[in-house]
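Sharing a structure, written as structure tokens. Questions coming.
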Amino acid sequence: VACRAWDVGLFKAVLAEFLGTGLFLFTGLASIAPWTLASPKLLQASLAFGSSVALMSYCTLPISGGHLNPAVTVSLLVAGKVRQARAGGYIMAQLLGGLTASALLYGLTPEHARGEIGINKLAPGVTLPQAFSIEAIVSFQLVLCVLATSGSRRDPSKGGHLLIGLSVMLGHLVAIRYTGCSMNPARSLGPALIAFEFANHWVFWVGPTTGGLAAAILNDMVLAPTGSGFRQ
Amino acid sequence: VACRAWDVGLFKAVLAEFLGTGLFLFTGLASIAPWTLASPKLLQASLAFGSSVALMSYCTLPISGGHLNPAVTVSLLVAGKVRQARAGGYIMAQLLGGLTASALLYGLTPEHARGEIGINKLAPGVTLPQAFSIEAIVSFQLVLCVLATSGSRRDPSKGGHLLIGLSVMLGHLVAIRYTGCSMNPARSLGPALIAFEFANHWVFWVGPTTGGLAAAILNDMVLAPTGSGFRQ
Amino acid sequence: VACRAWDVGLFKAVLAEFLGTGLFLFTGLASIAPWTLASPKLLQASLAFGSSVALMSYCTLPISGGHLNPAVTVSLLVAGKVRQARAGGYIMAQLLGGLTASALLYGLTPEHARGEIGINKLAPGVTLPQAFSIEAIVSFQLVLCVLATSGSRRDPSKGGHLLIGLSVMLGHLVAIRYTGCSMNPARSLGPALIAFEFANHWVFWVGPTTGGLAAAILNDMVLAPTGSGFRQ
Amino acid sequence: VACRAWDVGLFKAVLAEFLGTGLFLFTGLASIAPWTLASPKLLQASLAFGSSVALMSYCTLPISGGHLNPAVTVSLLVAGKVRQARAGGYIMAQLLGGLTASALLYGLTPEHARGEIGINKLAPGVTLPQAFSIEAIVSFQLVLCVLATSGSRRDPSKGGHLLIGLSVMLGHLVAIRYTGCSMNPARSLGPALIAFEFANHWVFWVGPTTGGLAAAILNDMVLAPTGSGFRQ
């Protein structure tokens, strides 16, 4: 019976990751659909991705832990904060969520306004090592924030979801002009599949994951305040 | 006597919904009055609608529960969180609040700056099913957030009002370029009545309500963490 | 001795109101000094006035209660939340703070960038009754928020200062295009004195005060949740 | 052994200041790298510097106290809130962090987009005393906020990091058009060294430090609520 309850819990959690990632990426990507009205897109996209991850992180927190990002799930797996089977289910759900969001957005946006439906690609003059590094750095700060809030995220009054939202907003303020800002393989896979364009696509898997893992390892080895003698 | 106290409470609550919805929509709509100075309207409108709903939700929370939106009231009615008579009073007050806000704004804005006083309509190339879906999706995420915070919204230090504000801001960042963003029949009715223009007006009633109801049902059937076996 | 301690406390509080209002208005007004680089001024000014009032409200809260605005002090006087002598000292300090901020900004800004140093005036086509009403409405919502947070503002974790900041930001998003947005006689007096231009200046005293008093009276008579029978 | 634990703690704290300042300044400076796409830079830079300092302040708080700025460390040293040896280590780490961030950003940004990699300099028409005063004033309000939150910053639910973020955002909204906004010698040193341009560079050391020290002294002598007789 306990086992059965866990199955239901896991099913709900995987469903929450699917729905949460889907809504997060639908709203984020929709904010950058390139209508003729060319408004200050960079700020708009940063606020949309930041607020949507804060909201979906809040809503899915008690159900799945609110990962919403394969790079986050892999980092938490290495940090020992999630089990392998669950991590696998989450990543599938996140990728499917991102794909559903992109397909839905494609169907709901008039042709003249679709542009490249938010595909991530290197800006003119940006090299592959530069793109990899930028993606790794913004994902490094994201996973650092995820780990810093992980102790208090179950209690929404601690504001962990707002911190994650700020971190994703910051990543977009920085990286949009370099790579369009991925930080999240599920965010990059959907548009790439819909547009069927995979040039340099691997950067948006390896960059975020490398940055996230570096943060997890640094946090575990050095920063985590176990036995810290700090006193101001 | 208890009955009489309840009547006074209900009267105050209905008054709070009228005033709260009125102030929320006056300030939101005023932010998009189309002055010659064509500034980044989309960000401004998103911040104005988001912050005003956060503020009015905070102020009316202890008095009426801070619905401020017929789609929210109907969803909470179906979720069993408000009674039918009260819901009816709230919806009347919200619609009247939106109408008063629009009339006031009409009177307070110079003719050259009035434009279409913020009427919701489909952007060029957007079909009715697309408009319906966009309105349903942004309202789905709004009611999901309302339900996720409903346990802690009575305590303002939990920040539930800020989450609702972020959710309304996100809806506007996404939907303004598709439909002008309604999410709320009371927001659409006022300008439509003042301008006496009702083309496709029903979309702004059916879209938000359908999205809100879907969120209420999903929350009740699947996501609500009763008996959830989640463990990270 | 108790009397003496009170004097020291009152002196510190008045000093805090002077410094707080001065810093609040210096930073707010500086954000709209009209440099050649014509960026999205309206958003910038709204964020600057909103964040500076949140910060100074936080810093002066334990010392003076964080009024920073004669219209707020008068409303709290009528609401019975501050004594007459203290209110008089606060208002003097606030006006002096605003004047100092304007003079300092005048001295610190190159001549070509000074413009009209942020003076409030009616936009083209806006009538006096319209300006009065807009100022009264945005000040009404401000004092409503001040009163709604007054129970919890002493505890910074309740976030009352953030709500006040959002409320001032919203007022600017709405009213800048009508009147430049005053909401606060101390904000209007400084620039008017430095530029020695007093056309329609009285609107920025009577509008905010009328709106604030209406909120105080409404709150006292109807909304305040004493004996409310609300139950959701 | 206690001594050894302290050494490890100090090492971690210094490392945290290096990493935190580095990430803070990399993301802040990257947000203003002047790509051809000339978007509303001032808002973007203000949001990026504000959010990154909030995030890094949150992450390094339990390890080092989250200074991230030599002007803050010097002010806290004078206020008696940090010891001399620790302060020395922190300042070295902060300067090194800023230098690393600038070098990294130089390497990761295509040549055509580098511009002056965010070097601080006086805007046309701004005199040295004006630049000094503007830097001192925005740093004054920053250190005032740091000291006002210092009692509660160890508990993240108090939101001290958000207040510091708002304060840095406000400083940028105000000072970018005068000096590019330093508020922080570590923010100014990195770009100056990489570009090897030191015209008026001393202003970005003396201005922020003077403003910070003035806030520390004022707070200690007048505002600190010891024995305050305030009662609203």
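By written order: A, B, C and D. Residues from 1 in each chain.
Everything that follows uses one rule, which is that a contact is a pair of C-beta atoms (placed from the backbone, for glycine too) under 8 Å apart; a residue touches a chain by one contact, two chains touch by 3 or more.
Remember, it's a predicted structure, so these values are computed and weren't measured experimentally.
Between chain C and chain D, the superposing rotation on Cα atoms measures out at 90°, rounded to the nearest 5.
At the interface between chain A and chain B, under half of the residue numbers involved are used by both copies, so each side presents largely different positions.
Chain centres here are Cα means. That of chain A falls 28 Å from that of chain D. Chain D has its Cα centroid 40 Å from the Cα centroid of chain B. Shared interface positions of chain D, i.e. residues touching 2 or more other chains, are given as 40, 43, 157, 159, 162. The touch graph of the protein chains shown is a ring with every node of degree two. Listing the residues of chain D that touch chain A in their complex gives 2, 5-10, 12-13, 15-16, 19, 23, 26-27, 30-31, 33, 35, 37, 39-40, 43-44, 47-48, 51-52, 54-56, 58-59, 62-65, 81-82, 104, 107-113, 156-157, 159, 162, 165.
Considering their complex, residues 40-43, 46, 123-127, 130, 133-134, 137-138, 140-141, 144-145, 148-149, 152, 155, 157-159, 162-163, 166-167, 169-171, 173-175, 177-178, 218, 222-223, 225, 227-232 of chain D touch chain C.
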